[in-house]
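You will see chain A twice below: alongside chain B first, and alongside chain C after that.
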Partner chain A sequence: MSGTGKEQSVGIPPAEQASGARLTTLRILLSNEFGLLVLIVLFAIIFSTISPAFLSKFSLYALGRTSAVNIMIGFSMMVVIITGGLNLSVGSIGVCAAMFGGLLMQAFAMPWPLAVCGGLAMGAALGALNGFIIVRSGLHSFIITLATMSIFFGVMIFLTRAESYRDISPAFTSFGRMKLAGIISPLLLVSVVAGILLSVLFRYTALGREMLATGANERAAELSGIRVHRIITYCHLLSGVLAGVAGLMLVSRTGAAIPSMAGQLGQDWLLPAFLGPVLGGTLLTGGRVSVLGTFLGSFLVTMLTTGLLLMQVGAFWMQTYLGLLLLAAVLIDMVRRSYLTRRKLI
Partner chain B sequence: MSIQNAPSETSVFVAEGMTKTFPGVTALEDVRLSLSKGSIHALLGENGAGKSTLIKAITGVHRLDSGRMMLNGQLFEPTDTRDAISRGIGVVHQERNLIPRFSIGENIFLESLNAHPLRRIDYNKLFRDARVWLEMLGVDADPAMPVHRLSVAKTQLVEIAKALSLNSRILLLDEPTAALTPHETDTLFKILRQLRDDGVSLMFVSHKLEEVQEICDRVTVLRDGKNACESQPLEGLDRQAIVRLMIGRNEQIPDWSARDRSTGKALLQLKNVSTSLGHKEIDLSVHKGEIVGLYGLVGAGRSELAKSILGKFQVTGGEVLVNGSRAEIHSVADAVRRYRIGYVSEDRKSEGLVLMHSVLENVGMPIWRRLAGLAHFLTNGKIRKHTEPYIRKLEVRTPSLEQHVGNLSGGNQQKVSVAKWLAAEVQILIIDEPSVGIDIKTKAYLHELIRELSDNGTALLLITSDMPEMITLADHIVVMNDYRIMGEIDNTRDYDTMSERIMTLIQGEELVAAE
Partner chain C sequence: MSRRFWETDWFGPLMVVVVAVAVVSILNPSFLSPFNIQVLLLAIAVNAMIAFSQMIIIAIGQMNLSVGAIGGLSAIAFAGMMEVWGIPWPIAAILALALGVLAGVANGVLVALTGISAFVITLASLSVYKGVNLGITEAQPFYKIPDVVKGLGNDTFLHPLPWLIIPCVLAALLLWYLLNRLPLGRSILAVGGNEHAAELSGISVRRVVIVAHAISGLLAASAGIMLVGRLQLGQPTIGDDWLILSFAAPVIGGAILSGGHVSVAGTLLGVAIVAIFTQVLVLFNIDPFLVQVVLGVLILWAVGVNRFREVRALKHSAQVAS
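Here is the complex of A and B:
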């Protein structure tokens, strides 16, 4: 008697399941991740036709190695973007962590695993400091991290007297220069592992879900018993750790910890940091994440950079192209979204 | 296809064959409707029947897949909401659409503010004009105050003022009274009758059938997106006939007898509590298995008291005891995790739900930690197991549990917001306006669930402006006014005497104050 309502509640009636499957396929085809994959293949074809060197073993190896770092930088920004904030000090923190790791290896002659832990701890501490100031002051992370970007970098330059640490443990540098199966950099594997761990975090842990809920609606999250301030601090802490990983990856690759490795104030990292998550479909207003999207997004950006370099585009143009790409990505995303809405797919 | 009730000359708006689908859902299917001049037309149906979708189609928010709308004899195809407004159609949507940081005045006149982008805004005039509308609706608030500082009910009234200020010839009201108490509703109805007498065509959506019978003259009922009846005169239809059209059977009226639960252990006690919000001398206790009702007019400070107990606002004096011993609650998380106190918010959109997340994610929120345990590992299956019984019992209508809550109908969102806490297995549950926007069928299920919860030993504090609901559910009723407690009575469950005693308790104070 009351059956009419019940069929529709919760469980999907079989008739709708078929159309549901079709919808799901369509949705996947129109998803960010798939779009990125298509672009990656497309550009790979374009670049390799113009310059066959693009597909050489060394070129592919270098691409993997560089993208590994960019992916990590993208992750670092991503975990803060999901709270609806941002972290302008990713570069600064990354360099600080790298320098600290370098210091431990050179001046204290620590074994490299310990030094790496030290470097990551530095990243975590600086990230946590960001988070702490943000939740305590109630100000937007933009302002706070803009300030700490300068502060962290300034203090680091002062303490290191802007000198590099070049006495890096050979075991550590050989890791960054190793080739697996001839073309794969172990650094890329590090990024893959980080990506898997982040996916697990967001999908299978209470902490990860709380991060997303806090980002999507802080008040609702708070009234559900989530300690929102603590969660935001954790996000910044995690961002610091991931920035530290990226910094240490660079050290392992170049064999030195150099204060200018991310440019003045670490600013060189900002564009890749935003490009990955934004291309990948992580919502800038928070609450939604795509780890795979960030991975692919950062990879695409690195590939474009490498490709353009191969085509001997000047470094200044490179920045312009990347900026245009960011703009194009956002615009394409808008078009895609409105298409999906119009076709009633989301 | 022919129209049965041929539109009479007075029909200002006629629609036929209205069809609208969303992924996995047919919201409207071949719906017909006609609105006549100087009439108040009721639009009824269960949660998710398609009422709001119909209103959104008329006002240009959604575009119909197929169907035809005629306005004053001309084909009407609104391109967007502006277009509908310019054609004389005003609307109060079910969800609030005000700009939180803007003042009341700016919000009311938002449309006309936009008209001349470069002209200076005369704020004095704006606020003066706004005050006229506020006074008419009986809202006591400064037009310069930002909207986010208002209570849910006052926000609703501002939204209504905004729609009225457009002086539309057609006015569509989607559950305007859901968040109002009978007092404000009366004021609103006076205005609506006046508009009707001036020849305006009104459409009124509500789940409170008493209101519908009081003010409407015609009715259209939707069932699963189809017409169950179309623009039929309300005269001659009694309550049960309407209910049958809506849900296909008669309404079940629970016959719960009075009970005394005050002998159990007191789980929540407030002793002489005052708060930073202005509560004074609050004494209150809720026993194991007891439902204590907190009644009061809008602005009495009930939700604010709830949030103070919860640690969201500060308790400045007296003491809060949980389970007999003094509770140290410094944050909501303390209340929820250490003392197992839950709170169903009256404001589902901004406090109760994460609209951009799925149904499953929303209902699981309070229990994630507990389910994840020390291993910190959580799967959807586990959450589903704990929450699905409640989602089923409340008949949440959704194509799947992965659907974003924001895509559900208003009433179904409310069900999710309540189900989330019913599933949380707390020992003390504060429920603030649980049945706002919930249809009568589900309301009965909801009441059963609440009753079951109390039978299982949960202490419940019920805040509701819905007097019948209060008298059905509460064992003991505490009356509040102006951040103080006016008195308490045991519920005999006899509607007439109880409602009278409650109202005297509230008004008693007003008489004294007036002298």
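Here is the complex of A and C:
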């Protein structure tokens, strides 16, 4: 299972070296990232022909700003998926971090950089708690994060009395509403930086390689001296931080920390959280990651949502389209994989 | 293999129920008033259907995130057919149940034929079904529910037993019979226990997976229909908050999430525990927001206990072997 394109994997290199530039080109052409790029360009052309407003400065700006949040949500799930686990509580953690940041700004009148750090620390703490319970109990992350999703959200609602914090520092809000070069949101830059850091982590650092190794084969990783329990806890901690970033981005964009911003129990984040990594070719069984793929996948999803809303095909049906997109993505991925296996390209 | 009764799945939860009822009724005698029992039974009747719907999927070692979406879709289909097309309620109910089965079969076919994890498939179908629900209703409830349905959803046939308890008891008995006495039920548990071994011993795993998802869809749809009667309107938000509960009750009842081991009686007691705890929060004027926390803690506690029992059983059998 060698990597295609920008994907990285831990495992046995292919037995036979596929020779010839033609095969390499074919492999790149069949990679997830290339497919996503083609789809993004294709849909951009379709949307802009049907509705010229799609390419207006404001529309592009809004697209970048919305996708920035979705990309962070995708990253947050991605770093747990690589261990072969799941984190259903991303939405819950994101909202808790955002509410804590809001509390620090409103009730304690902290300067916003400090409050942001506080919010991220909250995300990290909740994520680490998830990881701790998972490795200590030896149970699957699905049921643990299902329970903590309910607990985190419940405690947050109980403590805040379901009320929003609207007294957000203006400097922080203006960050979310700033326009660089007319069309680029600084939030998108945050996501790009996060993506680069994650790429570096998984490609060049021992910690990142150990995370991938743990996901590929936990037992083998343990035998080769990796402290898998610690690594899994780190992954969940990182997931919590990234969810916190997404939550704080939303605060900065809307100018308020609202308990319902991710829906009941944060469930509204689940679909975007899985769409990005799955479209991007991150294996759900763990061990393989594509940061660029997740980035492009989340971007494509946001673009489709924005484009369909612009074409006024009925906002109420949007969830159906996204669900069908996820289905199509996993089915196409399955066909692609079996094609590559048959042609001995993997 | 017969086990002593205190080693069964349902014994622990039963003790919790008995102790909880005793303690609460001493602290607050109104807990055992006929009206309160009726409210409690109404909650248990609907929630048990939701829990059974997830339980049958846990039995085959999978999960169904779309339980709530199927329930919601069936609920608004039931209410919509009565209001918009004027279909008499029994026919509308049957059609809505059929819709639930269809939605479940779609899940099952996709999982069985593609081999993609049920988590991803049902996450996608959750979104599809919920989207269709919102697309049809545009987030507006259907208000015109016949009085018969409203009556069935709230009244008692024998004070304080509500009508809704009848389908719930029926479902529990049929499920128990299915899982313990019918070849199909044994196949379901076999697939959950070890899919590969089940396949090798001649069970059609695909067929079993599809049937289990169909049953799950049917049960979710009945919960949705029952809620329409109980709420007296076809709310598009029905099913939104089922996910946690649907896992909590079977797990409290001793279900092992990797499959092959579920208990109908235990699940029913799990539902009762959740209902009693929720009631207690209301009776003692504790913040209702804490219900979510209680549910989460119950899940953690239950999976912890199940894990402990599993480990102890393994140790025990190892000792016997040596």
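One rule holds in what follows: the second predicted complex is superposed on the first by the 325 of 346 C-alpha atoms of A that agree within 3 Å, B and C clash if a C-alpha of one lies under 4 Å from a C-alpha of the other, contacts with A are read in each partner's own complex, and residues count from 1 in each chain.
Rule of thumb we're sticking to: a residue touches a chain if its C-beta (ideal position, glycine included) is under 8 Å from a C-beta of that chain, and two chains touch if they have at least 3 such contacts.
The structure presented is a predicted model; accordingly, all values stated were derived computationally and were not measured.
By the touch criterion defined above, A:Val155 lies against chain C but remains apart from chain B after alignment on the C-alpha atoms of chain A. In the superposition on chain A, contact is made by A:Leu265 with chain C only, not with chain B. By the touch criterion defined above, A:Leu310 reaches neither chain B nor chain C. In the overlay built on the shared chain, the residue A:Leu324 is in contact with chain C alone; chain B does not reach it.
Touch criterion not met for A:Leu37: it reaches neither chain B nor chain C.
With both structures placed on the common chain, the touch criterion links A:Ile144 to chain C but leaves chain B unconnected.
Shared contact residues on chain A (touching chain B in one structure, chain C in the other): none found. Taken together, the chain A residues at the contact with chain C in this complex read 86, 133, 137-140, 142-144, 146-151, 153-155, 157-158, 161-162, 264-265, 267, 270-271, 274, 278, 284, 314, 316-324, 326-327, 330-331, 334. Put simply, chain A touches chain B in their complex at residues 1-2, 4-6, 8-10, 12, 16, 19-20, 23, 204-207, 209-210, 212-213, 216-217, 219-227, 287-288, 344-346. Here chain B touches chain A in the complex through residues 21-24, 46, 48, 223-224, 247-249, 310, 312, 331-333, 335-337, 343, 345, 350-357, 361, 364-366, 368-369, 371-372, 376-379, 388, 391-392, 395-401, 420, 441, going by the rule given at the top.
Against chain A, the residues of chain C that register as touching in their complex are 63, 110, 114-117, 119-121, 123-132, 134-135, 138-139, 240-241, 243-244, 247, 251, 257-258, 287, 289-297, 299-300, 303-304, 307.
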